[in-house]
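Consider the two complexes below, in which subunit A is the common component and subunit B and subunit C are the respective partners.
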Partner chain A sequence: MSNAFLEVSNGEAIAREKIVHLPFNAFQENALSIVKQGGKVVQYFGYKDQASIKLMAVLRTDKLLVATCDAPESYPSFTQICEPFHLFEREIAEQFGIRPEGHPWLKMVRYHPNYRDLPDVFGNDYTKDIPGNYAYYQVDGDEIHEVAVGPVHAGVIEPGHFRFNCIGERVLHLEIQLGYQHRAVENLLQGVQAKRLPILAENIAGDTTIGHGLCMAQAVEALTGVQPDNGAQVIRTIALELERLANHIGDLGALSGDVAFLPPANYFGRIRGDFLNLALLLCGNRFGKGLVRPGGVRFPLSDDIRKTLDERIKELKPQVEHVLELLFSASTVRTRFEDCGTVSTHDADRLGLVGPAGRASGLPYDARRCFPAEAYGRIEIPENKKTSGDVYARAKVRYDEVLQSIHIIQSLIWAPIETECVETGSFDLSPSSFVVTVNEAWRGEVSHVMVTDETGAILRYKVKDPSFHNWNGLSMALRDTGISDFPLNNKSFNLSYCGFDL
Partner chain B sequence: MIDSIILWFLAILTAPFFSAMILKVKAFFGGKKGPPLMINYYTLIKLFKKGSVYSTSTTVIFKLGPIISLGSAITVLMFLPIAGYPPIFSFNGDIIFVLYVMGLGRFFTIAAAMDTASPFEGMGAAREAYFPIICEATMFMILIFFYRLTGHLQLSAYFTGESPLALWNLAGAPLLFIVMAFFIILLTENSRVPVDDPATHLELTMIHEVMVLDHSGPDLALIELGSFCKLFFYSTLISRLILPFGSSVPGGTFVVYIAGLALVYLIVGIIESVIARYRMDKVPQFVLTSFALAFFATIITLEFIK
Partner chain C sequence: MLNTLKNRFEQGYRTCAYPNEKPAVFDRYRGKPMVQKGVAAEIVEQCAKACPQDAIDVGQKKIDMGRCVFCGACERISNGEFVKFTKDFEISTSQKSHLLTDGNLPALARHSKQHFKRLFGRSLQLRQVSAAGCNACEADLNVLATPFFDLARFGINFVASPRHSDGIVVTGPVSRNMRTALLQTYEAIPSPKVVIAVGSCTITGGPFCGSPEIAEGLDTILPVDLFIPGCPPHPLTNLHALLTFFK
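Moving on, here comes the complex of A and B:
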């Protein structure tokens, strides 16, 4: 089928006049028809171009497609027809006061006044305190009880409010309200000095430092026309895989801890630290901060370090395999994981889940395979989807990816890696351009969009963390599940609060 | 009598120590050093030094909860034949009294939890009220079993001196079932894995822990001490059943008893290390197993022991 959207590649700079500017009706028709036929939303946002407000959508099928239109003040909500637009429309309504009429659940996302000083779409008074000032979805009935959890939790975790409607121990509906960590990251990124851009990007979500860092670096590289050398690409790939390893292993350990099966929880807790220490070896920071910079990396991978890395991974691999075996062969663990918090492929597809959560529900999408950047074009990434969509599937996806990532790193570090180190300096972005970058971080698809104005200043910096897609998956998983299994399900998704709150 | 009182004191004093053994075993299986064996004393001292914080929505019931739950636990210990010595108090039918004194303790813990009006605590209270109902059925089945064998409704008739050994001689095979049933009750009543997870910080999955979330300082210390005593009570019963031997050497019986006690705590620790917790809706099935075991044991005795 032909459509009016423009095909673009991941990390390719496009002059803005080349992007198709459609009348709103055509924009809506095309966007909906792409998503109805299995396309997904990568980005959908508003931005201010001179005096007017425009909407831009980046969709993906097996390609990335982009188009813009002039924003109307209100329009019939896309979400009514295609659910993947759900949160994006709420976000646009919050940021630019554009009302999607008939949106099934029009609520604020991050609780801040819009950027245009228009009357608030949600009728909020932002001088009042945040917590609890919203209407929640309610279930009526004599035996229904509501449980409110958070935003302050019993552990040292990020704030988020969970509202359960239960009948006895069974959850009928879970509503998740976030936004407590809103720092206006996108606005900060737009106005910041060039040399501070990487530092901000790395801190969007601390556990996805490399993922967000890469998206930012690739976007800047596209708009400055700089190409990182081969060695830098390999080092970045290794860093991204190390990040995936540390987090997946940490998650598996935490899953084990949540069902009170202690040995793997303890071992994985330690092994996660070992992998974080490998990142330390690479760049001096356990989370990989300060490694990725536009144009390359700040630290070379000398032969000494490369060999140590290789040895440590050789040493860790059998340990990881052993503990994975211990966790997955325990029958009591299997009974807890299986059939717990199932998200069907149909639901996952309609919600547009990404990353391990999506793959566990039968959506094979992996940005490393579909839109390869860095060294991924040269690496075979096998399709890793599961069909059951339960906690077990989400754990098993991580199991497979842990072994894959170890394999990827080993296949990259056997040969010497040479790179010219870069330092952060100032750079000039090409004016009136657009770039979208997509990377598969450990939680799934991270994407940044950069739009520049005529002077080369950043007009709009849009960030999307995979959690933005997946939080609704967690709500869906909890339907008809025991409330006591919430922590287990929550951990099996392990989504980011600050990545969502921006 | 003096012996019995000294033993009662010792029981309360050493109960925290034995509970710490479980932590050590779990740490061992997890490849860690674990906390020191005296950790529970340090915790208790720390808690007693603190002040208590009370929510403005609570009433006097909330303050009564910890006192009565500890009170019931130490009262129950007065009826317990420790190391084969006769208990401080004993009368015909005392076991029923003991069961309901423990019930009283639980009632007040639940009432205190409900008093906070927190949705978590209400949930925990519902669970805590549900599982012991099944335990109670098992306990009475066990009681029928013991009554069939001894003709007494008295803890001292089953657990003092040589009586456990006599029970084994009388009905060894069914008693094996009873020991297992007792063990399941121990795990359930004391909120251990696989029924509950005493180590979790996740309110939504807790049973016992969630009910005491709002208690702090000395109140929490009382609750903790009470639960150590409760675990000690059940462990003593099982200890006497699994190592029923006496010894003519002075203090020999005592050593055997301590060994049995240590064994019980060790097994609890091993169970917590090697299996995951059951899903909440599967827990009743697990607890009901104890009833089935006790029921079969009783049926067998009805047939064979005339």
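Moving on, here comes the complex of A and C:
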């Protein structure tokens, strides 16, 4: 495929002058042609460069491709032709007041005023402090009723608003409005002292501490020319897989609870905690906070730790296998999981779903296989087999990945490695540079972009959590599904609110 | 059926004996910070400079556990000369000012409000509001319902409606976009009611300090009765706080 975009590697520092700066029309033409031929959007965002606003797109085929252009004040929306741009265009409109004309559903993403003091694209009045204060999509008809849920939900979970348009029990449409947790993380990342950068990255989404922490660390490493040693890479890989294990197991337990099969719900609830404790074993925090830092890791893998880790995993593995078997062999569970909330491969592809949700719908993409970082170059990540796109497939992907992750960790525990531990300090980023990092966290592709100015200060820090791609997948899964199956479907995606809200 | 029974047998009994016995936590866990006596001022200054959360009060040689994320940077760069993080997870306080500590915390039980113990000592129903954190605090509150901690055996539950609750447990730095929902939930709880702040975000803004989108401290919005520090607080920290303050 010939195009004007520059091919870059995951975590490679690039001088900004090397990035192709295209006229807007050429930028649009190339971006659309790449995505139309099966490419996907990894990042697409605006940034302020001196007096002007620029747009940057990072797309992926089997390569990562990047280009920039000067941002027009308005332009014909890419989404009209390629859906994967949908949320990215809304985000640019919200952050920089640039209007994508003809966008099929132009509404706010996180409910905040734009960064340029321009008139609001959505006509919102931000002195009114409710993101949900907006005319939701409505379906007309005598039998239609609406169900409004949130932002405060019934459980101990994050806030967001769900608006169902139903006919009887059947959901015609689910609209999801988030933004309640907007903390201006990207702006903080651009402004704070270097010592705060890792802490902020780890707190974008606490259940993806390692995923976001790695993206941040790899970006800083690229722009400081530091290569973490082999030992650090192994420890980081173990940590990312432990994070995947804890979350996938928790999800499978929650799915079991939602179909009222309580034994696995309770067993997996407890076993998830055991895996969180293994993260604590490594670094003193159940979520892995404080482990990953630019340059490596803060804690070594001593022989004591190895031994305990090995013993615990050996003890947990048969328990996990037996509970998996219990869950997946129950006919009552199968009946509820199968054909529930199906997202077709066609829809998943057009929405650009990633991670287990994408894989369950037949999009095999896994950043560990396609853009391997850390120790993943030496690890085989098989493609998943079950691709029916329903709750069952989303559960089955987790089933497979749980066993794979245990295997990966076991294969790494006794790897003969040594590592020089690092502590956070200040660092000088190379000036006028760009880097994009991509990691496969448990929910899918996490990506950070760092752009520096001529003094080496961070000009733009862009964060993308996999949930940014996948929330629309949940809406799609609910179409024509009974509203009582919403909790089950929601758990089968288990998306991040704070990772989306930033 | 046989499979279900086999699994049940394999799982056994898993509930911890806390508070009668303290469960062991792994060595690298960072709990209560103990400031070392007679530490040189310049070492404290070095630590303060390196602290990502600016949680160290150089003059008083104390750590503000409300701001601290327990990353342990100060312990490491001072080789433990300024502070050592112990494995003691019982670190909650009833006053925000008590969080600024050299490690000697006032006994929580003696600072709890007697009428709360009378009212809620045998049954405490709590409504949780998640207000813009990272979801780790929520996750480690949720695990209190798993068999290992089994919060319900103490008569404490998280409930779905504020109308059914005796108090509110808040996590996160209360973003501008969550403020109204939080206040409305608080209003909906019948008095007398308890307010519990969980995690450094909630107590001071934590990692998000300096953002114009958040409130720097839940106590600037609501009267807080119980402060549970950590990033996130260990489930046992939460459990200790609830049992000691209300039982």
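Basically, the second predicted complex is superposed on the first by the 499 of 502 C-alpha atoms of A that agree within 3 Å, B and C clash if a C-alpha of one lies under 4 Å from a C-alpha of the other, contacts with A are read in each partner's own complex, and residues count from 1 in each chain.
FYI, a contact is a pair of C-beta atoms (placed from the backbone, for glycine too) under 8 Å apart; a residue touches a chain by one contact, two chains touch by 3 or more.
This one's a predicted model, so the numbers in the text were calculated from it and none came from an experiment.
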Combined model on subunit A where subunit B meets subunit C, clash or fit: fit
First, second, both or neither for A:E169, with subunit B first and subunit C second: first
Touched partner set for A:C340, first subunit B, second subunit C, both or neither: first
Which superposed partner A:L200 touches (first subunit B, second subunit C, both, neither): second
Which of subunit B and subunit C A:A154 touches, first, second, both or neither: both
Touched partner set for A:I483, first subunit B, second subunit C, both or neither: first
Partner chain in contact with A:P23 - subunit B first, subunit C second, else both or neither: neither
Partner touching more residues of subunit A, whether subunit B or subunit C: C
Which superposed partner A:Y267 touches (first subunit B, second subunit C, both, neither): both
Partner chain(s) touched by A:L326 [first = subunit B, second = subunit C, both, neither]: second
Partner chain in contact with A:P364 - subunit B first, subunit C second, else both or neither: neither
After fitting on chain A: smallest Cα gap, subunit B-subunit C, Å: 5
Intersection of subunit A interface sets (partners subunit B, subunit C): 154-155, 263, 266-267, 270
Contact footprint of subunit A on subunit B as seen in their complex: 26, 29-32, 119-120, 122-123, 193-194, 197, 199-205, 213, 272-282
Subunit C residues within the subunit A interface of the complex: 3-4, 6-8, 10-11, 14, 25-26, 28-30, 50-53, 69-73, 76-77, 85, 128-143, 145-148, 158, 160-161, 172-173, 175-182, 185, 201, 206-208, 210-214, 231-232, 234-235
Residue ranges of subunit A in contact with subunit B within the complex: 145-149, 154-155, 169, 256, 258-263, 265-267, 270, 330, 332-333, 335-336, 340, 482-488
Of subunit A, residues touching subunit C in the complex: 110-112, 129-131, 151-152, 154-159, 179-185, 187-188, 191-192, 195-196, 198-200, 202-207, 209, 263, 266-267, 269-270, 272-273, 276-277, 280-287, 289-290, 298-299, 308, 319, 322-323, 325-326, 329, 423-425, 496-498, 501
